[in-house]
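Heads up, the next two complexes both have chain A, just with different partners, chain B and then chain C.
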Partner chain A sequence: MKKILQITLGIITSVGGFLEIGSVTTAAQAGASFGYQLLWAILLGTICLIFLVEMSGRLAAVSKHTIVDATRERFGFPFYAIVMLGMVLVAFMVLVAELGGIGLSLQILSGLGFPWWAIPVSFVVWLLMWKGTFGLIENGASLLGLVTISFVVAAVKMHPDWGSAGHGLLPTMPGDQKAKYGFIAVSILGASISPYLMYFYSSGAIEDKWDESYIPMNRIIAGFGMTFGGLLSMAVLVAAALAFQPRGIDIDKFEQAALLMTSALPKWGFYFFAFSMLFACLGAALEVSLAIAYFFAQGFGWNWSEDLEPSKDARFSFAYTIIIFLAAIPLLFGVDPIKVTLMSMALTAATLPLAIVPFLFLMNDPIYLGEHRNGWVSNSVVAIIILISFVLSVISIPLQIIGG
Partner chain B sequence: MKLVRDVLDKKLIDREHCDMSRVSGLVMRVGERSQPHISHILIGGPTLWTRVHPALGRLSTRLAQLWGPKRKDLVRIPWSRVMTVGKDIKLDVKARDIGALDWEIWIAQHIIERIPGGGNKEEE
Partner chain C sequence: MRLKRFLVVETRMRAKLFFAVPLVFSTVCKPPTPAEQMDSVISWLATAGMAGDAWLRHTTPDKYTRQTLELSHDTLLQISDDLLKSRPPGTDTASLDSVLTRSRGRIAQMARLVEAKNSPAFLSQLDSLRVDEKLVKQFSDSIKSKQ
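So, the complex of A and B:
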């Protein structure tokens, strides 16, 4: 019974944890610019994430070590330092984007500009971590995140043509705007395959004291949870395609994105959109800040647990305190959260090999996983999708920068 | 046992199951009459960053003199205190007594405990 409850919670966590400013912005842009044509990118990203999340949980359950622990131990500090530099920089940009997303949601609700919200929002995020426990953050944020299911309601209410949506699940080349198409595809892959989610999930498995008996449960959570999350992203894309494409609107402002809800739900859509974004970004901001603090604490061998009183793991608490307030600074100066989001999602995709290749080596290491090592299917699926994301990002990021 | 694979970078756990740090470096003694053997485990930033680049090691040493607990020498743990070497390394020492938690205690006392709700390190 306890395990069934945990499975439910785990799935809710993944649903709540999947959708954040990155997936909403990229999916909405894709729908507005290319209709259903980019659905395949969400599908590909989701498949890859299912495998990666399952692996992260399995590593923690079998070896009692997180991904970060194992990376430092197996590859040594100099290599670990490079991975840390890359991952922490990208995760920091994602944190700025998520805090900005909360600020933008409050901006459309209150009329007060997002730079004003930077400090209050960071303070609330920090306070939740300072006083809260891991369970509170995991379950609270995800339960609130369930409001994002309203995107599915919006998409279905607009009666999409399921046949042509189905065609979008297979990759096709666009007629024109090839560079933009590639850049959005890369950003979607980066938004779906978020390494911070893996670091958070494997640390969570240690916080919740998983052992080998959790392997089947882990598989169910990863499979169902990420599938639901992927469907939510697809719903955003479909709703955006129906709301924007006929009018030829390109989304470059957050307020415009609210249209994808208000077209289907004129009365309540605006509030559903604002609160979906608010809670989704809040959950993600908590997860990213924790992931960054875990990265330092586990890599250097400090005491860490979100359940301890801050003074019992002082360096860990100090790390997230500094990071959250640093992330508020760019927003305070009015840096556009949407631009930060798109750039950080594309950079996530470009740095995926740095995160995933060492991880695949660990997942095949008998010292850590014994008989629970990866099989050839998981290895090949992940390796191929990471290769595709990397090649696409190497081609399209420079094109996007040159093209403005 | 392979020193680099099985010892370096592994997590150190003290007598009371407290996470101490990770192995930053090892000291090898080469005597005239005895076989070369590992005499100490080193922990701490300067040793660690020197492995990435000597300049980073010097920077780490200099920063530690400006700020923090200002410990003079490196934390060295005699190899004789090693109890088991597995996925983690268990030591027969108390982390607090040998100085492995100097930074942890310094940050707790100077920063974390001064913020409301931070708690108190000494309360057990």
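So, the complex of A and C:
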């Protein structure tokens, strides 16, 4: 009974915590510019994420190691330091974007510009980290994030052509604007396959004291949670295709995206969007802050646990304190969070191989996983992910320059 | 002596790189074509229209609507300046300028009417903006057909 409850909660939190500023922005841009044509990118990204999250949980449950612990132990600290540098850089940019997303949500609700929100928002995020437990961060924000289900309601109420949407699940090339199409596809994949999620998930499994008995549960949570989460992203794309594409609106600014549900849900659509983004970005900001603190604490061998009093893991708490307030600085000076988001998506794509190649080695190491190491299916999927990652990293940045 | 020569060559190479890198980037970061700029203009005119519609249906707060209209106005001003400087081929630039200026004026007026909560006057401006939007689309089609 307890396991069933855990599974249910796990799936709900995965769904509630799936969307964040990157996934919403890229899906809205895709729908507005190319209709249903880029649904395949969300599908591919979600499949990749299901496998990676399942593996992250399995590694932690069987080996009692987080990905960071295992990477450092297996490859040595100098190699881990390179991985850490790349991951922390990208995660920091994602944190700036998420804090900015909260600020933008508050801006459209209150009329007060997002730079004014930078410090109060950072303070609230820090306070939740300082006072909260892992359960609060994992479940609390994600449960609030369930308001994002309104995207599905809006998409269904707009009566999409399901046949055309189905065709969008297969990759096709557009007639024109190929560079822009490629860049948005890359951004969607970068937004979906976020390495910080793998590191956060494996650390969470250790925080929750998973053992081998959790392997089936992990599989169900990763499978169903990420699938439903992916459906939310698809709903954003479908709603944007119906709301914006016929009018010729391209999504460059958050203010435009805020109109996404106003025709489908006239009374509450605007507020559903604002609160969806507020809670989704809050949840993501908490997760990214924790992930960055995990990178440092686990990498340098400090005490770490979100459930410990800050005085018992002072360096871990210090790490997220500094990072959160540093992330507020660019926002304070008015740096556009949407631009940071798109930049961080491209950089995520560029650094994916750095995260995934060593992970493949770990997932095949009998010392860590024994009989639970990857089979050919998982290895093939990871190999494809690595291939996609390499291609993404090669094409994403030039595409950003040409098409972004 | 060799070191000195090396330093001179190295400095020259650096100077060349100093000019070459921006040159390469300026080639790669090509400015948007007039057709792309017209797409942006249409996008922001439609944004103002959609925000206006939503406000008239009482589905968005006043402050948000006003800010979005102001953002549309400012962005349109910037794009229009760039567009008109590039003199799109086969277009009556003066007519296009006139339509764009008029549209921006309407959007600025709409933002003021939100503040005054004057829905009838707002609706009238919105209807006129829709007419301007159609004219801009005709200009856009003409530019695209000549590219």
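By our rule, the second predicted complex is superposed on the first by the 395 of 404 C-alpha atoms of A that agree within 3 Å, B and C clash if a C-alpha of one lies under 4 Å from a C-alpha of the other, contacts with A are read in each partner's own complex, and residues count from 1 in each chain.
Just so it is clear, a contact is a pair of C-beta atoms (placed from the backbone, for glycine too) under 8 Å apart; a residue touches a chain by one contact, two chains touch by 3 or more.
Given the structure is predicted, the values throughout are model-derived calculations rather than measurements.
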item	value
Overlay on chain A: chain C relative to chain B, clash or fit	fit
Touched partner set for A:G301, first chain B, second chain C, both or neither	first
Touching partner for A:P266 - first (chain B), second (chain C), both, neither	second
Which superposed partner A:H167 touches (first chain B, second chain C, both, neither)	neither
Which of chain B and chain C A:A314 touches, first, second, both or neither	first
First (chain B), second (chain C), both or neither touched by A:K253	second
Which of chain B and chain C A:R219 touches, first, second, both or neither	neither
Closest Cα approach, chain C to chain B, once both complexes are overlaid on chain A (Å)	25
Of all residues in chain A, those that touch chain C in their complex	107-111, 247-250, 252-253, 255-256, 258-259, 262-263, 266-267, 269-270, 398, 401-402
List of chain A residues in touch with chain B within their complex	63-65, 69, 72-73, 76-78, 80-81, 130-131, 300-304, 309-312, 314-315, 317-318, 321, 367-368
List of chain B residues in touch with chain A within their complex	4, 8-12, 18-22, 24, 48, 51-52, 87, 103-105, 107-108, 111-113, 115, 117-121
Chain C - residues contacting chain A, complex	25, 28-30, 39-40, 42-43, 46-47, 49-51, 54, 57, 59-61, 63-64, 66-68, 71, 75, 137
